[in-house]
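Multiple structures are listed underneath, in structure tokens.
One chain, subunit A, links the two complexes that follow: it is found with subunit B in the first and with subunit C in the second.
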Partner chain A sequence: MKRVYVNEKWCLGCHLCEYNCAFANSGETDMAGALKDVKIHPRIRVEGDNHISFAVSCRHCDDPICVKSCIAGALSVRNGVVHRDRDKCVGCYTCILVCPYGAVMPAPDGKAIQKCELCTDNAFGEPACVKGCPNGAIVFEER
Partner chain B sequence: MKYVIIGNSAAAVGCVEGIRSVDRTGTVTVISDEPYPVYSRPLISYLLCGKTDEEHMKYRPDDFYRKNGVKVLLGRKAVGVDPRRKTVSLETGEQVPFDRLLFATGSHPFVPPMEGLESVEKKFSFMKLDDAKALGAALSEKTRVLIVGAGLIGLKCAEGIRGRVQSIAVVDLADRILPSILDAEGSAIVRRHLEKQGIRFALGDSVARFTGRTALLKSGGKIPFDVLVVAVGVRPNTRLAAGAGCRVGRGIAIDGRSATSVPDLYAAGDCCECRDITTGTDRILAVLPNAYLQGETAGVNMAGGEKTFDKAIPMNSIGFFGLHIITAGSYEGEAWVRKTESTYKKLVTKDNLLKGYILIGDVARAGIYTSLIREKTPLDTIDYELVREKPQLMAFAADRRAAMLGGKANVSD
Partner chain C sequence: MGINYNVPEYEVVRDPQRCIACRVCERQCANEVHSYDPKTGKMKSDESKCVNCHRCVALCPTHALKIVKNNDTYRINAQWSNEAIGEIYRQAETGGMLLSSMGNPKPYPIYWDKMLLNASQVTNPSIDPLREPMETKTFLGKKPDHIERDSEGHIRTDNLPPQLKLEVPILFSAMSYGAISYNAHECLARAARALGTYYNTGEGGLHEDFYKYGPNTIVQVASGRFGVHKGYLEAGAAIEIKIGQGAKPGIGGHLPGAKIVGDISRTRMIPEGSDAISPAPHHDIYSIEDLRQLVYSLKEATEYKKPVIVKIAAVHNVAAIASGIARSGADIIAIDGFRSGTGAAPTRIRDNVGIPIELALAAVDSRLRQEKIRNNVSLIAGGSIRNSADVVKAIALGADAVYIGTAALLALGCHLCRTCQTGKCNWGIATQRPDLVKRLNPDIGTKRLINLVSAWKHEIMEMMGGMGINSIEALRGNRLMLRGVGLNDRELKILGIKHAGE
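And now, the complex of A and B:
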């Protein structure tokens, strides 16, 4: 299946992916309106230093330990995408305890977790981080 | 092939999913003495405070058993397993035949002998859905609750009912709360947080005698109460496995394939003891992820596949009134501690390995630490000082990171 992959050689560390992610998941139709003066909570995060940077988001593992560890049965695999059921999630953070990539984070209200679902859970439909990456450092492809 | 699973929680579900990843046609029978389809046991405290309901507590969708071709016998108690005739006897006298069997029998609350306990009218355990329902029905805003046990179960119970009762007092023999997962300093931070919610503690103390609705403490104090919750600890349900000849220590002994010492009998979850890779000792690691993973491993092997789960470690993620705590591993070794006003962090290293950690308040990306423990990553192959400050993939060498983020994704990368 197609997944999001990063190539740190091309990442400029511009954090645009974070803004595009936050916008895609905001439910708003206007980017400025969605993000202006708002603390964003993207599901993809850029890390690195002055020389190297790269974006990290859910790997949608073939053998997802977060799904197997979820105490509520709130995580499942749907067509290869690790999906969160917001109504079932109680925000215990067991997935944060086990994800080796650090790719699961608390939702802004702290009552549940959030994670990248490859924009299958929002109106965008395809990964907004990839579409908006100005240097082709994030790709959405089969490997 | 006929598979029988005794028990119907996370380990059982893992086993069903493990079997079906290999064998689509064999018959699978699940036997449970509870009347409910599989639900999440750890969610009972969230049920009491209204953060979830019975519908959302379902650990798998309603069509789970049908889709997986599982015959489920609910409200039926297994009373014996005959490993030679390969049958399970039910309380009703029925015999259920099997080729391979899983003990997923869980644990039961341990209630120590306490003088005068029989004089307490309203007393509860806190493990199952029915326990939560019974406790919930006994509460009102005038209720004074006494909880014996300041461990994970007792304190999650306290959080679950805090908004529904007049007062909560917690008594524990240990001198600190959550002694199984926290050190003294971390424990004190969490205790202060709970005390701010109005929960009172009597630590290093115990109930000398109950007389109706009064607990007389060893220290001489008295605690009046209306409802008692006993959450001292749990004991694995090993009787059936022992009766079938399986080697039993504190829990049912299993190997990395979740096999017991008796051929064709497997075991998984809270009824077992298994190797804790951070200490090298056999322990009971009664946490849901381990239960699922052991169950899945058992299922694959029962169905003729090959699977090993040999990365079991103690680990917990738990929150109280908005304060999150994540811990993993063991704490023997060299400790590194970092504190701020609202957070506590302790990493423990030994022999060039991360052995354990405690995070309170800031738990972001904790799984990167957990992975270092589970994968036994030699710390001299990463930038440990960097990752110690903050869990991050930047601490790994570039080729390793490229494999993690650019290659085929898998946890065992």
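And now, the complex of A and C:
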């Protein structure tokens, strides 16, 4: 299955992926309109400093511990993608606690969680972080 | 601190409707132009530091930025331009020589744009390169004076002097590891291998990781002899003796000690932090006879298996100098025009010394033909080749191949901001700062170089086909394919071409 991978050697720590993620999931068609004066809640986060940095998003584990831990049945695996059902999620944050990568986070309203679904859940269709990475550090590929 | 007399050259224009304060511009600017004001939640900029490299513009996700020429002006004066006044202010403040990078930006005539190419009509057929054979391969090196046959009557090919085989008549010109980054060198080396051509180490030696690209590498021996040893000479496909460089004829290179760190120090074989100063002349070359000694020393060291290139800057007596070099035993002469690039040069020298490559190339080719020694050497022209039409015109004027440097760097992302000397290249090319170097991903850079040269190759084939020519060999020195426009008789005579309409 194709997943998002990050090569820290080429990650510049520019944080563009975070903004592309926030835009892709905003439902808007214009980035400036979507993100101006807005605090973003991206599903990918750049960690590190100026020397070594890398973007972290859901690994879509083969045997995801978040899915196992979900008390509401809101997390499931669909075609390899760990998917969240917003209507079922009760916002207990158990998945946030168990995720070893810190790749699950509260949704902006705090009532549910959110996570990367490889842009299958928005109009973008392909991972926006990958498409917008200026240095080819984030890739979407089979490994 | 006294008064700062200089005004910012460029202005950063930020569209407040578009800026989302993502701070990408701030993170990407090594010159620290942009900053975030937490009080207002808005971005600010300090134009005085801007070099107009366009890194922020290219990465701004909402296209909120543009850089414009600052129209703040001193009182307009045709004699004393803003630039001239600003330079005086800078020198009055620092007492130093003005430094610049990349090629001469002054509005001298560009002869490429005053020559037009021919095409076939009715009386001779043009050739369609998509349907008919078209050869862009060429060989650089000394050619035999006559044909020899073996006892069977077959033409002997085992007695040829060493040749460089180029799939396309374009080589990447000398840019040292130190002046440009490790990643930039990797891009050039990998692209040269993929394209069947060569890149040139420049005078900074060859990084141990790149010995594997040796068959596509020209190793340079310059006046400082940095990084030169037996293994280095043996690693390359050819050896280039650099006498001069088009951007700064008559003076040597200077890589500041701050850039001599780690691998660069090891590759150059000089201590960390020491300035790498190349002498203006080679201290063992004061005549053609001396040059001949170095040519043969290098040939002896590599068992006569590699062609030796002598690179000179295009200067006033270039034809006579080239004639001497062609008799020195060198296999190839590279001529570097006055517009060629550099990582750092005194501004006055860059902008005022040397002559246009078009005139130099034509003069050298004519002179070598007159003296019947043109076959002794191949000619490489460099310093201002901007596109495939320039390549075709250079070959028609008499070049065997061309060097591209600036064009290659542009393909890698260079925006010609001409501040390489600061070592803060935001594109990861002319810098050694690890956080900046990694901005040039060699996988991307290599692909872009291959794309560029492949595109030019297609265009060269189309132009040759239009002229009814099906090989580089048949185009070389074919000045009947050129006509001048807007040139005077003297210029036409030097270029050896007719005026349009003749």
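Some observations on this one:
Keep in mind that, in the parts below, the second predicted complex is superposed on the first by the 143 of 143 C-alpha atoms of A that agree within 3 Å, B and C clash if a C-alpha of one lies under 4 Å from a C-alpha of the other, contacts with A are read in each partner's own complex, and residues count from 1 in each chain.
Methods note: contacts are C-beta pairs under 8 Å (C-beta built on N, C-alpha and C of every residue); 3 or more make two chains touch, one makes a residue touch a chain.
Here the structure is a predicted model, which is why all the values come from computation and not from measurement.
Applying the stated clash criterion after superposition on subunit A shows that subunit B and subunit C can sit side by side. Legend: residue contacts after superposition of the two complexes on their common chain; A:T120 is shown touching neither subunit B nor subunit C. Number of subunit A residues touched is higher for B, counting subunit B against subunit C. The angle formed at subunit A by the C-alpha centres of subunit B and subunit C is 150 degrees to the nearest 10. In the superposed pair of complexes, A:W10 makes contact with subunit C only, with no contact to subunit B.
In the superposition on chain A, A:P134 makes contact with subunit C only, while subunit B stays out of contact range. In the superposed model, A:P100 makes contact with subunit B only, not with subunit C. Aligning both complexes on chain A leaves subunit B and subunit C separated at their closest CA atoms by 17 Å. Shared interface residues of subunit A, touching subunit B in one complex and subunit C in the other, do not exist.
Note for the complex: subunit C touches subunit A at residues 17-20, 22-24, 27-28, 41, 58-59, 61-62, 64, 434-435, 438-439, 441, 443-444. Listing the residues of subunit A that touch subunit C in their complex gives 9-10, 12-16, 18-20, 23, 31-32, 35-38, 50-51, 132, 134-137. On the subunit B side of its complex with subunit A, the touching residues are 10, 14, 40, 42-43, 46, 51-52, 56-60, 288-289, 292-293, 296, 315-319, 322, 324, 326, 328, 363-368, 370-371, 375, 391-394, 398, 401-402, 404-412.
Listed in rising order, the residues of subunit A touching subunit B in the complex are 3, 5-8, 47-49, 52, 54, 56, 59-65, 68-69, 71-73, 87-88, 90-102, 104-105, 110-111, 143.
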